[in-house]
Amino acid sequence: MIDSGSVKQMAGHPFDRRDFLKVLGWSGAAVALSGCGNTSVEDGRETVVSYVEANDYMVPGVGVYFNSTCAQCDAGCSINGRVREGRVLKLEGNPDSAINKGRLCGLGQAGVQHHYNPDRVREPLLRNGNKGEAISWEKAYALIAEKLAGVSGEEIAFLSGGVSGHLKVLLGNYLDSLGTKNHFVYEAIAPSVVRAANLKAFGVEMPRYRFDKAQVVLSFGADFLGSWVSPVHFSQQYAQFRKGVNGQRGVLIQVESKMTLTGANADRWLAVKPGTEGVLALGIINALGMATGEVAELVKGYDKARVSRETGVSTGQIDKIAALLKLRSPSLVLAGNAAEGYAHGSQNAAAINLLNQVLGNVGKTIEAPVSVPFPQMVPSKGNTVALKNMNDGLAAGKYKVVFNFAANPVFTAPGAFKFKDNFAKAGFKVAFAHYLDETALQADLVLPLDSALEDWGTQVPEYMTEGAQINIQQPLMERLHANTRGMGDILLGLIKQKKADEYKGFEDYYAYLRGAVLQNKGALGGGGVEDDTFWNDTLTQGIVKLAGTTTSLAAHASAAGLVLPAAAEADEHFPLHLIPGVTASLRDGRHTNQPWLQESPDPLTTIVWDSWVEIHPKKAAELGIVEGDIVQVTSKTGSVKAQVYLFPGIHPEAISIPVGRGHDAMGRYAKGYGVNPFQIMDAVFEAATGELAMHETRVKISKTGQRVLVVKDEGSAGALQMGRKIAGRVSTDQVDLSKEV
Amino acid sequence: MKDIREDIAWAKINQDVMKSLENPRKLYWVILFLALAAFGFGVGCEIYQYRTGMGVENVNNPQVWGLYIATFIFWIGMSHSGTLLSAILHLMHADWRKPIYRFAEAMTTFSLMTAGLFVMVHIGRLWQFYYSLPYPNDRGIWPNFQSPLLWDAMAIFTYLSSSVLFLFVGMIPDLAIARDNMQPGWRQKLYTLLALGWEGTDRQWRNFRVTYLTIACFLIPLAVSVHSIVASDFAMSQQPGWHVTSFPPYFVAGALYSGCAAIITLFIILRYVFRFETYMTLPILKKIVRLTFAIAMVWTYLNAVEFAAVWYSHDEASKAVLIQKMTGTYAPFWWGMIFCGSVVPLVFAFKRFQTNIPVLFAVSLLLNLGMWLERWMIVAPTFSHGYYPWTWDHEQWPSLVAWGMVFASFGWFTLLFMIFCKVFPSVSMYEVKEMVYHRTLHLKKSENAEQGAH
Amino acid sequence: MSKRHLLALYGNFEEAEAVVQELRNATIKGFDVNDDMIVKSPIEHPEVERFLGDKPVYVQWFTLVGALLGGILGFSLISGAQANFYMQLKGGKPIVPFPPNFVLTYEMFILGGVFITILGFLICAGLPAKRSPLYSTKVSVDNIAILVEADESAISELKAIFTKHKALEIQEEAGK
Amino acid sequence: MYRFLRFPILLVGLFLAASSFAANSSQPALTTEDSLGPQVQQPIEFPHNRHAGLKDASDPAKGGMEINCQYCHTYARRSAVAGIPPLQKCIGCHQNIESVRNKPRIVELFKYWDAKKAVPWKKVHDLPDFVRFNHERHIKRFVEQQDRPVQEACGYCHGDVKEMTVARRQKSLAMGWCASCHEKDHPVVAEGGTPIAGQAYWYSFQKPAAAVDANTKARGPNDCWQCHK
Amino acid sequence: MSVSNLLENWAQVRHEHPNNDKPHDPYKWAMAIDLDACTGCNACSIACYAENNIPVVGKERFQHGQQMHWMRVERYWDEDGREFPDQGFQFLPMMCQQCEAAPCETVCPVAATNHTADGLNSQIYNRCIGSRYCSANCPFKVRYFNWYDYPTDEMVWPAEMQQQMNPDVSVRSKGVMEKCTFCVQRLSAAKVKAKGEGRIVAEGEVQTACQQACPTSAISFGNLVNPDSRVHKQWAAQQVELDKDKQAKNEEEEASELRGYRILEELRAYPSVMYLERVRESAV
């Protein structure tokens, strides 16, 4: 640990701690903003702000660390916030967490910029024409009560992102009290199809993957190092996988049409024709020759020649992969976004799971997951079916009152949904928001939320590792803006409108949370411990570790019903596949207004602050396009204009535009930067699950004649080292890894 | 044709030069106004830059130096020919220098002042400039004497102060003349003060001769050292394209070259503006032109040597920079430099152009442009194409502020120079008298010899 | 015995030389040709020095001293400053590195030389000087002037010599 | 004949004297002398002399109470920043001292306490923000390890605070002033003779003699990053 | 008296480094970065922004090349003209290499950048006058200049964002050069603590922000003279020596099977960061 002497975990009573969290000694720019101002000693100019009351661990100039949970994505990494003089300065990983073990990705670290963002909503806002008018909380609550009066449960819809823990419980209770079942849990980017396929093949939605045990990882478009499921955890396992055992370094093969961060780290990156991942999986099963029975029967047709023709992967390469998979065991085969994003995504995923089973990986590198023994706290997994259903309801004008929390559907819904127009049809729209994002701007009432670093909460990660855990989220400093509220507090306030008696014991969400945790003290491993002690320990650790319940794992992937369509014919009018790129730092765009993330170059293209259209140089040459050309990308649904970046890591038949940018709201750091590919996304659905098939949009591109300088970190030499040894590389037959420490 | 007519009356010399102090042609005022306008623009740019930050120069993190440093070297270089004319030719007893060395010497002084200005303009924290001065202070720290920039500062300070003193000492007899001939007023008071009571006594002349010679002797190695130290700013560094052994002589040659070209330009301007046709004669101009031609060829040779050395060596990074100069973004400027620096001076090889004033004026401006481009081509390409390919940047282009400042420096220089020429005699009266006197003696001697032969 | 100044202007150097020769040869009481005669000339004129005879010039000694001092003190100032309490390694070079210090020593050598030479010049040439009692602005045009300082008794004799050689103008200091 | 030479000789003398002064003053112009800062107007005129001053044997009501500096300034030994004691600290004693309870300054103090507002003290020893003086390290070195009296150790920089009412800067606190102490050879044995471990090691480059002699003396660090970062 | 100081310590002030002298005892901070583990995720870079008060310059200034990332993650692909970079990219985290014989140090006119006793290349913001010579002479171009006054820029640091600033690190105003410091504020705190306890900083006691964030532990950092440190072991195992400009292992006839190398070692700057080559599987 850094600074271990000054790392003092919170020890006192939580109410003391709230005192401590008061901002102290920060007077404008005076403390930090020094640098190079006055150059001589001054007397009596500045005021030194001191404590009124102080605890033992409250020492000015000494950083104190508090544990909490990262809320930037759903992976559930535990964080360790450095607090000084009442200000949270930096987020670091909590070493005690089995998920991130003291590490934290860039997205997670930018959490402080979510908290300190200058564009946060600070007051409850009520629509008045085109403007938001600041109102009091009492008025806001009253207004909601008024609007809900006499509205039946059927006419209420609550759209939210994935929620878990006590907030999920409370939200459920609130919706029950309203008598509605219309809770739409929506995540724009979620492995929903893979979950369904896994459930079919293994009996669980998300098994535990053991990269560290695998000798070969064959990933069909799963960007597990960048944005897939639990990247920080997977990255750590990846490091072990690369180190291997006895110098036998793990081999990563990535199959996808557009290179992801994981693909960029692969030993072999295979650019397949979009949508043919499943075909390749079957082809490999065929080449392995290990399958029997109906599987063998199924793959018989997938001989190398055909597979090579359909996928564009050479037969030699298929042989090599098959040989490697045979030689090095266990291996791990993954299906990710690229495989599931088609109308036949389930089939792709099933074929890939079949390969896993043929290789005998189930039980070795694919293990049974654990979960918390509180099913009501298990995360509700968001998907796009929910959005579709809600959109249908909105279009039909079914809803009188609509709530929106932790989702930005106006921004992330495919253009073909015309969600914005449909949303307008709802009677009264309430948005719980940190910023005035696109959806909040459409709402009639915006309720400002506390940032994740100000709020209380519990969070249960979907993807658990060793044992189960419940993560505690707690304030790292006092409210930055006096009039924001925690989501839990708001829900409690709302639920009290309905069930005042039941909840009158809970003064606030904190009390509710404390009560709920202490109620289950025994199950949480605190049997026989004093309430206060247990609670304080829990807060100190920031994690409640549990044995958890293990779901058993099956291996019944079967060939039954597995039909893979032939590679899609090129559409004459829209010849190119549009692949929405998901980047590690921007994800679905909810954090685009964090300047560190905007300025952190995209790892592959090194572009900052803008969107781009990735085109293979060959294709670009064909179309007469060079880097920086502004092109118009047109689909059946719509069109956007963006700069071109020539990128060899993409299939020539596809182009890619990253998602996350292109906001026309959300404050100074997000608004007006880049374009939003969701806008031109067609409404094509996955056949088996009804999920939105994100990769199925076909587009054409045309030059606009404009050209810009692409804003990127890469210099004029591009990705070349000009013969100088800058980034060294060596192939495995020339290196002896066993000599390393 | 003669360098100067022997039959000019000494009184007329006084009269002509004194007239230049009072009554120049109208063009003088036009030039002064333009110079002032240009300088004023630069002042505006500097205020903006000072307040906003160096970013307005549009330089960036690999390309941390831009036009300012290039122009700095240009002005330093310009200063060298003054010394060439006043000191080297003095030691060589080339008496044709006498009518023109004064303004050349002034050019040295003012171009050094302009160069000094660029040091200020370039620095990111001008308000902390005093950190770079070696003086005992309450922090107890000193500047870094290892830095070529500090050598630069010391060398320029030495050169500037020595040049000013040299200019002043050489001007004392003329100041006495001006004192004696000026109408009473502030100028006469100024001349009286500066002439230090000079009366031309034998003791004064005796010491004057030795002093002048001694300082001239000091100035020559000093001038060479100054520009080799400026060259060290680059040659001492590790960067490809800069770390070149031949840089010091190359810089000195370039300095003399640009200085000579500037002398031709100013010669032509002064000759017209101050009606100095009798003194700044075409034969003298012809001599300067020939000198310039010789230096141009030396410069061309050193250029070729540098390229050949880089080309022939195994230093791939330097080679890459050279190729980039020739073919990359900077190619037009680089080839422009070669054209202006090595091809244009070939005009001087033709006798009929050697005294053709319009041609010479145009050519001298082109040469100056070429030499400015040379400095830019030394600074910029290495930054854009250094050791580390990731940071290569071929897109950088100086901003309007940077160009404005460069433009303004010419205004500032012209302003100082023109004011000097109006306030102080820009032709050395006593030395022109000497020149006339010696040539008369010589003429008499040869006439006598001729008569004797009869 | 009171002394008076006398100034004679001549149009050319031959005449002036002749005057000086005559003054040198004549023995006039109250007038020493080496000490009491000053020749003023509009240009630096080697003949003047020749006919006045060799007079030593000391400026070069100032130069020598100045340059040496500049060099030595330059070096010790720089090295001393480098070896102060805050001394820190830079670029793997010694704290007191010779090549850079020699460059600076060289500059200081010249700086000292030039400055002290100028100082020497001012001292040796007696500048800045008060205007001598008799002066003609014609010296700054083209006349050569001979200024003598002599006892009252010698004045007329000197005047006679000047007139003999066709002095263009003779100025006489008023008697006291 | 050589009368002109008299002057150069004089000149040489002058120049030598001036330059050797200059050369030697490449040493900082150091002084440990007092450099009195301006009197700072504080919200409450805190009498340091009454708290930390020496006891007056004859009249206990007049002299000080000899309270250790660290009793109130507790943060100094625990943090780089000395901070200001929390108001709670003042009240902790003063709520039990009835005798002065009604003095105007104490009344003022309790007003802040009742309002739960921190007293807006003015910084007296306010170094530029890019200077990072570490109180903890200095107290450890001189008070805890070398066992110097607290008032003396604090007084190196803060002057004789026990004689003041409101603290007033007495030392220049300029960089050269800091260095004047750092470049001294400090003993590395405590008052009792116990050696202090690990004192001299990293200045071995700067003064190798000290490394050999690590048991007798050590200098303060000389590297810029000690205080500027 | 500094002249006497000069004479007394003549031998010391004439010592050269790093070949002739080993002044780094007991600390020499160094790094080893395993490019095979680095996934290019940028977590290190963002951690650096958070720890060191690095300004976010915005799109327009980024376009002008005025970005300030002390830690930049570079991306390369093989230069063999293949249609796809089918063996992946290579990522390279690049920050100040803390050279033992740093080219930047000698050229600073005001001695604002020096070599510290624990082997770092210090940058003293308040001394810097902004001549930018150091950056001009840096082969790695890892020095970043404050082209604008970012602390007063509403877009870069609005009042709310200023509260995030690390008070242990000076905020740089315009006209100052800055660069990676190996998180000197953390090193210094650790050293002060250790010194108070009469010991040296132990392995693992201090981490740089980038190292701490790195999800794959690709960055190791520590005290090179401490034989227990991971960095020391890595450097030793890779047979990379700090004070060599050509490593012995590369001089041998047989190709070395070790991955450790330093970038642009031939320039004799003696960087303190060792990189381990990216490995490419030859079987697929």
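First chain written, first letter: the chains are A, B, C, D and E, and each begins at residue 1.
In the analysis below, a residue touches a chain if its C-beta (ideal position, glycine included) is under 8 Å from a C-beta of that chain, and two chains touch if they have at least 3 such contacts.
All figures in this text were calculated on a predicted structure; none of them were measured in a lab.
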Any chain that touches chain D and chain A: B, E
Identifier of the chain whose CA centre is least distant from the whole-structure CA centre: E
Chain whose average C-alpha position is farthest from chain B's own: A
Far-end chain from chain D, centres as C-alpha averages: C
Intercentroid distance (Cα basis), chain D paired with chain C, Å: 60
Centroid distance [mean C-alpha coordinates] between chain E and chain C, Å: 63
Centroid spacing, where centroids are CA-atom means, of chain A and chain E in whole angstrom: 31
Euclidean distance of C-alpha centroids - chain B vs chain E, Å: 43
Sequence positions of chain E contacting 2 or more other chains: 2-3, 5, 9, 12, 23, 67, 72, 74, 103, 106-108, 111, 114, 116, 122, 125-127, 170, 175-176, 264
Multi-partner residues of chain D (at least 2 other chains): 20, 22-24, 26-28, 80, 128-130, 172, 174, 179, 205-206, 223-224
Residues of chain A whose C-beta touches two or more other chains: 31-37, 39, 61, 709, 714, 720-721, 723-724, 726
Pairs of chains, among all present, that meet the touch criterion: A-B, A-D, A-E, B-C, B-D, B-E, C-D, C-E, D-E
Of chain A, residues touching chain D in the complex: 30-54, 59-62
In the complex, chain C residues that touch chain B: 38-45, 48-49, 52, 55, 57, 59-60, 63, 77-78, 81-82, 84-86, 90-91, 93, 97, 100-101, 103-104, 106-108, 110-111, 113-115, 117-118, 120-122, 124-132, 135, 137, 139-142, 147
Complex contacts: residues of chain D adjacent to chain B: 22, 25-30, 172, 174-177, 179
Contact set on chain E toward chain A in their complex: 35-37, 39-43, 45-47, 49-51, 53, 56-59, 62-63, 67, 69, 72-79, 82-92, 125-126, 151, 155, 158-167, 170-173, 175-176, 186, 189-190, 193, 205-207, 209, 212-218, 230, 233-234, 237-238, 255, 257-259, 261, 263-264, 275-284
List of chain B residues in touch with chain A within their complex: 62, 125, 128, 316-317, 320, 384, 387-395
